[in-house]
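Heads up: the structure comes next, in structure tokens.
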Amino acid sequence: MSEAALSASSGKHPEKTVREAINEALHQEMERDPTVIVLGEEVAGGAGCKGSDEAYGGVFGLTKGLGPRFGRERVIDTPISESAIIGAAAGAANTGLRPVAELMFVDFIGVCFDQIFNQAAKFRYMFGGKARTPMVIRATAGAGLRAAAQHSSMLHPVLTHIPGLKVVMPSNAYDAKGLMIQAIRDDDPVCFLEHKLLYETTCPVPDEPYTIPFGEAAFAREGSDATIVALGAMVPRAVAVADKLAAEGVQCDVIDPRTTSPLDSEAIIESVEVSGRLVVVDEANPRCGFAADISSIVAEHAFGALRAPIKCVTAPHTPVPFAPVLEDAYIPNEDKIEKAVRDVLGA
Amino acid sequence: MSEAALSASSGKHPEKTVREAINEALHQEMERDPTVIVLGEEVAGGAGCKGSDEAYGGVFGLTKGLGPRFGRERVIDTPISESAIIGAAAGAANTGLRPVAELMFVDFIGVCFDQIFNQAAKFRYMFGGKARTPMVIRATAGAGLRAAAQHSSMLHPVLTHIPGLKVVMPSNAYDAKGLMIQAIRDDDPVCFLEHKLLYETTCPVPDEPYTIPFGEAAFAREGSDATIVALGAMVPRAVAVADKLAAEGVQCDVIDPRTTSPLDSEAIIESVEVSGRLVVVDEANPRCGFAADISSIVAEHAFGALRAPIKCVTAPHTPVPFAPVLEDAYIPNEDKIEKAVRDVLGA
Amino acid sequence: MKYSKDLLVEAYTTMTTIRQFEERMIKEFMGGNIPGFVHTYDGQEAVGVGVCIQLGDDDIIGSTHRGHGHCIAKGCDIELMITEIMGKAGGLCKGKGGSMHIADIDKGMLGANAIVGGGPPLCNGAALSMKTLGKPQVAVSFSGDGSSNQGTVMEALNLAGVLDLPHFFVFENNHLAEGTGDEYAVSGEIVDRVRAFGIPCEKVDGTDFFAVYEASKKAIEHCRSGKGPYGLEADVIRFDGHFIGDPQAYRGDGELDDLRANKDCLKIYRARVTGESWLTDSELDELDERAAAVIEQGVQAGLAAPQPTVEELHNDVYCSY
Amino acid sequence: MKYSKDLLVEAYTTMTTIRQFEERMIKEFMGGNIPGFVHTYDGQEAVGVGVCIQLGDDDIIGSTHRGHGHCIAKGCDIELMITEIMGKAGGLCKGKGGSMHIADIDKGMLGANAIVGGGPPLCNGAALSMKTLGKPQVAVSFSGDGSSNQGTVMEALNLAGVLDLPHFFVFENNHLAEGTGDEYAVSGEIVDRVRAFGIPCEKVDGTDFFAVYEASKKAIEHCRSGKGPYGLEADVIRFDGHFIGDPQAYRGDGELDDLRANKDCLKIYRARVTGESWLTDSELDELDERAAAVIEQGVQAGLAAPQPTVEELHNDVYCSY
């Protein structure tokens, strides 16, 4: 069943949370393909303990049910050794498995970054095309849970910078399922970033398996007055602003790239060719960030159409603070997005 | 003696290579301040061996002479344990020393990235301003030595993205000395990236110590027809192109930011306000890269002055290949820079 | 009397303060007064106190995500801690660190650390400062059983051995890393792992303050006297969840009741000191009450403290920029 | 005769091929025919061959920056290797990897690795595939003494122990990491470090092919039979610089002459097999000549091979994008 067909008929589908959608994708792919395994800390939980066989099913519950269903041989709890986890996934991917490694928090790439960016990402190129590394690195990302500086980063700009990696960031449950299934079936290393604040959000999600191709943006709203590009948890906020402006008769394209690498730059360029106005919203830090990346692509390839400065709405150049009032001020909010859109419209 | 005064009188100063300039800076600061130490692999070399007391003085010779002069207590050879090296430097910086840690190749940040981006970079913020982390991480960067995918990266975009880090990349020996002394005296963690291909390049360098403030760009050439921003080893290439065009009567500003964080965005914006044309040249990969960063700043803050699309001349979105013909095609060269400048001039 | 009364009183005061502090944090968290993720130290008091009671402000400790007990044992101010943990202005870290990043450099508390294994490499640095500057201090890193599997910790052990750093590596083996047992996740024994780096290491009952105290005394003297690093594996238990709110599905039937009944380091301490008639029950009860009062005052102060001003978001990223 | 003639001939052929290969690479590098950084394996032949001679194409090895010997021992094509090392089209990796990233997945050679400690975590993955897919194969990682200090290697040891992976960890202790001695940089002993993870480990004389062969035989059988990981520390020596062109200022007076005279694994092998009259000098000489011919042909092919076309720059970053 094609994505289009599914979306069209999506009304008929049951509402599911992002958590349920990803969990369902994992279940269906492990069912379908015996070479798919899941590994990481607490993916089942309870190993070496006297209690339940599945103490956690992932600290955020994303892998719940997989352990009991597929057994600990395919749902592997690991020590706190992220380099060993990612390395094992990469080496297994080179030799016949399709591992889905959970990094728990993307902030932990610091202790395993070499295995991601120098190993998994580069094998195919260094080895002249002979290696395949079909692995998925799942990690939760983003601020909002008061988890402070070392548990609230986005880091997709760092991953997007690395040639050889694919980077996925769903903004809703429907995309989350289709992108996860695609990620598992994909033959390249994929970093799959799940925003903490989206896990409980719902939308209709088909029960049957389906894939969403990488590098195809989704239009969360359509309109020719301005173009808003937003990712992950920023998409609903951008949509809220677009809807508010629509009530005033101002129509915006809200483009959700869904994958930052590959990137659907065509969709963005075409939209700006029409609107002439661009606001990029991203929760990551600004310097060498994703908003800058989109801005530069448009400034080079759609310059002629631009009728206003490109506005980037991002987190500030600071770590994520703990105090709720500060964290709330850190995350781009609807007011800031709205102001930026009005600025480019006014210019 | 002020930087200006020194530059003015630079003709009188002896020619030194970048290697000599950095080495001299290290000598002078260790002489001046007993809390400055150097640690890393082979910074002296020969530990636990039967041969010379200083087998290497750094694999590229940057720390030569420091071991014999200051002793192994302050010039510390380490095991191959980068997380332990950076961690030791950060912890020492919090407790009274000013460590200069050598990472040998910046490509090795993958095995110590957490100690850099989650620890050293964030202490001050997380601890409410109570911590100081005056440390320097020296690393050689860049392609050109046929060292292939795991020894030829730039990675300054990744470091520039991280709040709490300062990132320095000298393009000549004069700047290298002044920036290194500033880096050692600076109270924040500084990543000091030395391009392999620049070590042997020379210019007049004063014998006495001097500092160059961070966040102040240098103008390698001045002109009002176009603005070229280039970093590190790209600066001489940009200058060569500017000189070639100057012979045709086209005058370009060639701006060398010297530090990517902090960044002298004012200098770039002011230049573009005049020229209306911008080309950014960077050896790093393009996605969420430094060229994109500069482009986005200008597209937001100097949009009104822009008379042509912003061109980014970067490496492609690929790892660094081994074969010389391929590596030469990977690195931005004068032809590509010239074409980009002519494009923005023609537009 | 084998131990001075001052020591015995200080030890109990600190242990009961930590215990009551954590029980109160759980209450305040459940009451919605504490944001984020909080990991409590209750059950492990004898380790943090047995070690830190022998340290001065110039000695340095590096802690973990489970850092409250280490902070209190190292002398951090209760009121400022609670204010920090509540994310308020005036907290130890101006409300910007929280429970997982609480630190007090002035007290030699180099910080909790939300990255497992983040601390030991940093404590090597503190120890390197001491060695380089010729100070007789010691750096102490606390790690868990789970943390012993992190490469950064093992690298730190080796480097400390290579440079003969005055670094006391304390491993609190509470047999759990979130919901994973050390029996499963630690191949071999922690004590042997430390020794394999040429570092002397002892294993003690971490529920017995005196066992921890004696072993640490030896270790700290060893480090201070320039003999290099030392290790300790403390066999201990975690009284509550990994984090506040943890369902603890990994616990066996009656496991917690049994632990609380038979492995409570405060009960064990009380039995010993009253049995030896070093202290009386009423003396101990009074210390409990004093601690309660201090915590109550801290909680009220924390609750009353204002939110940080929004400008704070941009401060203290750099010393200068 | 304790060993079959085939085995003895194969062992010597491979060892002399590696030795002559490396000596020739040094010559070609000095002659300007090889770009980049090259680390030669000469002196350590008995280890790579003693281990790999017992492996099939389905068994996997993970190598290091010093990978030529492991490649040859695992059966990689000499001509394709030289073409790769020269950075030419048609090389094992199309000229895109070079000496530091040479790999041959079809031969079970998972790659040299320019990141010290990069390989062992990956070999765990290969071993995990074997275990998961129920194959009787083994994964072998090669590491150096310096590499034993990298956290990734220690994490890999622990994980292999936890998951009982069929992973044979071979540590080639040539007592040097660039210009740093293991005496200085390795606190404790490598063999004890491996054992501390609950992994059986032996230490053998790495200049004695037969010692390596016997220990590896046991280790590989152990792994294949599902008993989990095994370790080996081979006491060996490096005949040349860390990289070609290394001034080797860290060597003591006469150190190299002594090593070459008394610790040359080829001489030691020759003495043993002729002494036992398993093979004659003339037989061995003939094997030397055959190897020389193969290498000469490979060098000529490499020199004659064309440069890659510039389009190659953009190929093989992804399977699809």
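Each chain carries a letter (A, B, C and D) given by its place in the written order, and its residues are counted from 1.
Basically, contacts are C-beta pairs under 8 Å (C-beta built on N, C-alpha and C of every residue); 3 or more make two chains touch, one makes a residue touch a chain.
The structure presented is a predicted model; accordingly, all values stated were derived computationally and were not measured.
Among the remaining chains, those touching subunit C and also subunit D are A, B. Distance between subunit B and subunit D, defined via averaged C-alpha coordinates, is recorded as 36 Å.
Centroids of subunit A and subunit B (each the mean of its C-alpha atoms) stand 32 Å apart. Centre to centre, using the average C-alpha position, subunit B and subunit C are separated by 40 Å. Subunit C has residues 93, 95-97, 101, 113, 115, 149-152, 155, 158-159, 162, 184-186, 317 in contact with two or more other chains.
Counting partner chains per residue, subunit A shows two or more touched chains at residues 78-79, 81, 83-84, 107-108, 110-111, 114-115, 118, 125-126, 148-150, 163-164, 316-319, 321-322.
In terms of inter-chain touching, the protein chains here all touch one another pairwise. Chain contact summary for the complex, subunit A toward subunit C: residues 41-42, 45-52, 54-56, 59, 77-81, 83-84, 107-108, 110-111, 145-151, 316-319, 321-326, 329-330. Looking at the complex, you find that subunit D touches subunit C at residues 149-155, 157-162, 184-189, 192-193, 195-199. Those residues of subunit B that touch subunit C in the complex are listed here as 35, 37, 73-74, 76, 78-79, 81, 83-97, 99, 114-115, 118-119, 123-132, 163-164, 166, 186-188, 215, 262. Every residue of subunit C that touches subunit B in the complex is listed here, in rising order: 60, 62, 91-97, 101, 103-106, 110-111, 113, 115, 118, 120-133, 139, 151-152, 155-156, 158-159, 162-163, 315-321.
Across the interface of their complex, subunit A is touched by residues 83, 107-111, 113-118, 121-122, 125-126, 148-150, 157-158, 160-164, 260-261, 263, 284-285, 287-293, 295-301, 303-304, 306, 308-312, 316-319, 321-322 of subunit B.
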